[in-house]
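Each structure below is given as structure tokens.
Next, two complexes with chain A in common: one pairs it with chain B, the other with chain C.
For the complex of A and B:
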């Protein structure tokens, strides 16, 4: 099927530009069948690049997101990676370490003004750059907070941990909502480390000790992490949030139909909220549990595969994509955050006064990338398991200890992951 | 025979070649690779070289230790109790984590424990998740094999009648088998949905609202039984068809003779039908046992091993480790252990059901 599509693409391209002797570059993309304009925009980007110069001819192949990482892994084993890879930010170090990718080799000065989450670094070199970033916010309605006398927090003065917990209790005790807080527990997978490890970091813990990346001892099971774990378990024991058996449909519609009062959700889900509530919609920073208010950074990015015979062409394509006009176009089409302030000024939602402007501030001020280590892909699964177990009533300290041990064993089995 | 098969049968071998090649490539070679990988530290993707590690992977999976916890004592040696009167023990982690006095406990976790006098005896395992997977899998097999075989036999007896429209019933009973297990699992996830789920609604309606809605898949006590019930429902039609085939091989003359002798329905079943189904019963028992050990799709779609590892099973663990956590050697070791268990059980079943002369 995909091969036929590639052939078709080659034929069409060949007919369109028979005279030009363009060298072919392959590009793999994760967004097949995306609900918004993402796929169409990527195709447009490729077309315009091909038309803009005569050396390179990019041929795109798209995959469904769920199958994408598997496809890349299989292609790497078979030695058939494309020239240009699309890679999720936190996964990039693993692919770089495993030898799927090579350093990007573009001038870092050009990336100076980018949001930190859009640049993928490993071992001191830039391997990937994103055309957008994503951010997470406490999504709610001004009228809800006012009804219960809860302060509307700001970027400079977010809720404190206690203030947040009290607010949730107040809303719960009113009985007006099924649950005061929707954490998105239905979204098993990368959502857990992406959305919940920043809360742990705000407590002062982390998934792994970032000074060495060799152990999680004392970081994921230290006092700060235990305090986080107990608070996390309390959310479910006190009926402040639905647990792991939350229905995915409730996650999607719960805030809009009044099942939940506050939803911890990404900016990709923000536009429907604005449409439903208008000026009443609020996107608030994460609570500050003592170490500042933190959100996760980094989304999908472009990089060059290690086996590419034409890294110059791959680089040329990525440099072509790194223009404000593309950033703005993707942002308008998908609701994601453009990586530069100049591009943001040119978008419908992130310009001054735009509906989602607050996300740019959140991303700029608070985004912390997930642990930059090849072991992250395994650590993410272990962290997800620990949080699910604690939510389901496991002993906090035992669950965190088990996670620390599993992370340690995995790092050891991989000879320290090259740090 | 052997010489004919090997020497003067070129065309036969040629025709068998595509099939044999595919089976070799996708079943026989991976089977031996699993044995080989389980003795190394092979990763799914890694720049590090693969090394032989002996039986380390098996030791990490199967390591056990027994430890007796003595209660915390006060200054006078009296046992300390908490507010509710329960005896207070030191935390296990003080022995299992970085304690040079107890090297045999290092990194192990509590699997289960029991009280003996003032002391608490704890069984620790190197890999508690795997141990839970072993127990859950056996629990699943022990329930599913007899219940599914029994219900399938009942259905087969019901539809082995010459009634008008009996094919409609056959089709209905067989339908779940034809539908993909992933689709069935998704549907049952909705049925078991907490709060407003179909099952909760039906039970509430039948009990005139007395039934308290349950979180079927979200509670440790009901998650595995829910999956067992759903798996039986899904698989029963297939084995019904095998029973039916067995039933139809029994000669009608035997039934006629039994009728002339004046046997009642139970006697007919006990002395005519059941002996005639002997070989079918052996086949069904072995097939169900093997299929039950291979439980994977339902777990992956419905619970992913949770809550609190109450639905962890063999194959799911092998996939999670080997593929998701990129630890091919660990996943292979689990596969090898599963193979040995299934082999042992099949041999025991064959021995118990052998023809006794």
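For the complex of A and C:
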């Protein structure tokens, strides 16, 4: 009887062995419902990783993007975080500070050639790495600039602030367009700090004093910030750009259908412009308002949760993903910028002569990551509201002072956010 | 004189119908806008919002948004989940809350006034304020399932159902209604030797159609519209309800409005069906409440 039971136990163990060989790793991804190739590529990445080795089995769970951060916060509270987290670059410091994530622990030498926006650092350690980055540009047509005698700017010689404003006024005065500039005011949310804080930084201001991350005093309401705020308000008062009531449909199609002459937009929206205008399409650097041309950096990245019981497995998955072939595949599928030059060379759009090659240069030369602080998620919201208020006619100094006070109160309430 | 009176009555009737039609239009137009928009491409949909065309099936009409919406998200799964979660919660709520109300109204037990007052006080506490402690509790609660004892209710149907079964509003509605039932009926039943369970089942509940309909509709709407709680406690796509599914149609920058309208149209069908099936008793309940008031 005992011998039979032993044999049965051995048989059961033998049958169970293949299933137990791979340890399960959970991965949460933010792109449920995204109607592009990104979700399919993430699934393909997981499948290939699972098939490539016998130790780990990654199981993916997808979330709608707008609900993702809240779901992660709730899971952290309940102690139910997955092993591998998908995290938006500017949010990462908050999650690291809150104890949701642990340092990635991969050899930083392997990241030397990466675009700066694709590496998530907090307190001197790498917590996350992205398989792509994004960039914004002044998108227009060469024929439009030539028609009004406006110089085509370059990376080395971008438009100055005055030159840019004069160009907008020239186009406005022609009456050929409803507005000369489309800033994308219809896109509320992270677009505002991502797209517009670089303009403030080019004036010499910022959302927060990056030397201490303890206050916005002097940087968000100093002379440079006030100059930016006044210029910003002038854009709407002088009918140079549509304001916060802009129609989302116009944002999407306004450049293509001739409503706007120039559109401040991301590389994810660039391919339809190339298809529509061909060689006439231009993707230009941000104007230099005195402190250099600046654009925002950092997109979604992968990291390891603080509660993962298998950080080695999570790390192995991320290292598997950090290959040029994946960077190229994601770039070809989504139109986003690959993190390395070698991967870019293998893509359809970012290789030499590719339709979007210019964006790699923009990202490499001008990208500045958003403030690397856990408080950014609050500061971004405050900044967004201040810009909307100013665009709607609020007193510039009052709006900026109020934003500074609000940011300061939040930092104080969170004991300085660990800086 | 008689002719004038007849004319006045006719005018009054016409004015009344005109007012009712206006009110009906106000209530129907959002639904009409949603359904019509679900048949149009995004650009046309947005352009039409400036005119009455928004409420008409004109222009480039097709079901493409529906196909695209079903491609984008497992809508059938979400609708089934919501119907299951909502249906189970409504049934259990009607049973548990009516029993509790029966106890408050017909049984004598010590401290019931105090307990009822505390119950009423819970009406002023928004659910959202207790979600965090509720989440922590739910993550630690035991459950005996097919695989034996488990700890934690997250990622299950039960965590979306059980916390919402008993609620102060439903109990209050039943209590108010039961108080107006003729006491003689209950006393006669007791004299005839009926047990309390039999009185609840055979006397009280058959007379409570209007309040059952009211409580059911209110609970149905609350449960069907749940967003924050399932977002916090459910990570698996297979058990997500419809409102969380709405997030599949928006990202940071772009919203496919036609698909959103198609999705909303699909998920509105169960709500309308449920409401229409109980409409008669619900109106009777509201009307009788008005008379009492």
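Assume the second predicted complex is superposed on the first by the 399 of 419 C-alpha atoms of A that agree within 3 Å, B and C clash if a C-alpha of one lies under 4 Å from a C-alpha of the other, contacts with A are read in each partner's own complex, and residues count from 1 in each chain.
Note that in this section a contact is a pair of C-beta atoms (placed from the backbone, for glycine too) under 8 Å apart; a residue touches a chain by one contact, two chains touch by 3 or more.
Fair warning: this is a prediction, and the values are worked out from it, not measured in the lab.
**Student:** Please tell me, clash or fit, for chain B and chain C sharing chain A in the overlay.
**Tutor:** clash
**Student:** In the superposed arrangement, which partner chain does A:353 touch: chain B (first), chain C (second), both, or neither?
**Tutor:** Touch status of A:353: no partner.
**Student:** Who does A:124 touch here: chain B (first), chain C (second), both, or neither?
**Tutor:** Neither chain B nor chain C is touched by A:124.
**Student:** According to the stated criteria, A:77 is in contact with first (chain B), second (chain C), both, or neither; which is it?
**Tutor:** both
**Student:** Does the superposition put A:377 against chain B (first), chain C (second), both, or neither?
**Tutor:** first
**Student:** A:175 contacts which: chain B (first), chain C (second), both, neither?
**Tutor:** It touches nothing on chain B or chain C.
**Student:** Of the partners chain B and chain C, which touch A:247 in the superposed model: first, second, both, neither?
**Tutor:** both
**Student:** Classify the contacts of A:187 with the two partner chains as first (chain B alone), second (chain C alone), both, or neither.
**Tutor:** In the superposition, A:187 touches chain C alone.
**Student:** Determine, under the contact definition given at the top, whether A:33 touches first (chain B), second (chain C), both, or neither.
**Tutor:** Touch partner of A:33: chain C, not chain B.
**Student:** Identify the overlap between the chain B-contacting and the chain C-contacting residues of chain A.
**Tutor:** Looking at chain A, the two contact sets intersect at 77, 247.
**Student:** Applying the document's contact rule, which stretches of chain A touch chain C when the two form their complex?
**Tutor:** Within the complex, chain A touches chain C at residues 28, 31-35, 61-67, 70-71, 74-75, 77-80, 187, 189-191, 247-249, 252-253.
**Student:** Name, in rising order, each residue of chain C that touches chain A in their complex.
**Tutor:** 42-43, 46-47, 68, 71-73, 132, 135-136, 138-139, 152, 154-155, 228, 231-233, 235-237, 244-256
**Student:** Going by the contact rule set out above, which residues of chain A touch chain B in the complex?
**Tutor:** Against chain B, chain A makes touches at 73, 76-77, 94, 97-100, 188, 243-245, 247, 377-378, 381, 388-389, 392-394, 397-398, 401-402, 405, 409-410, 413-415, 418.
**Student:** Quick one: in the complex, what on chain B touches chain A?
**Tutor:** Residues 41, 43-48, 60, 91-93, 97, 107, 109-110, 128, 193-195, 215, 217-218, 220, 304, 306-309, 320, 324-327.
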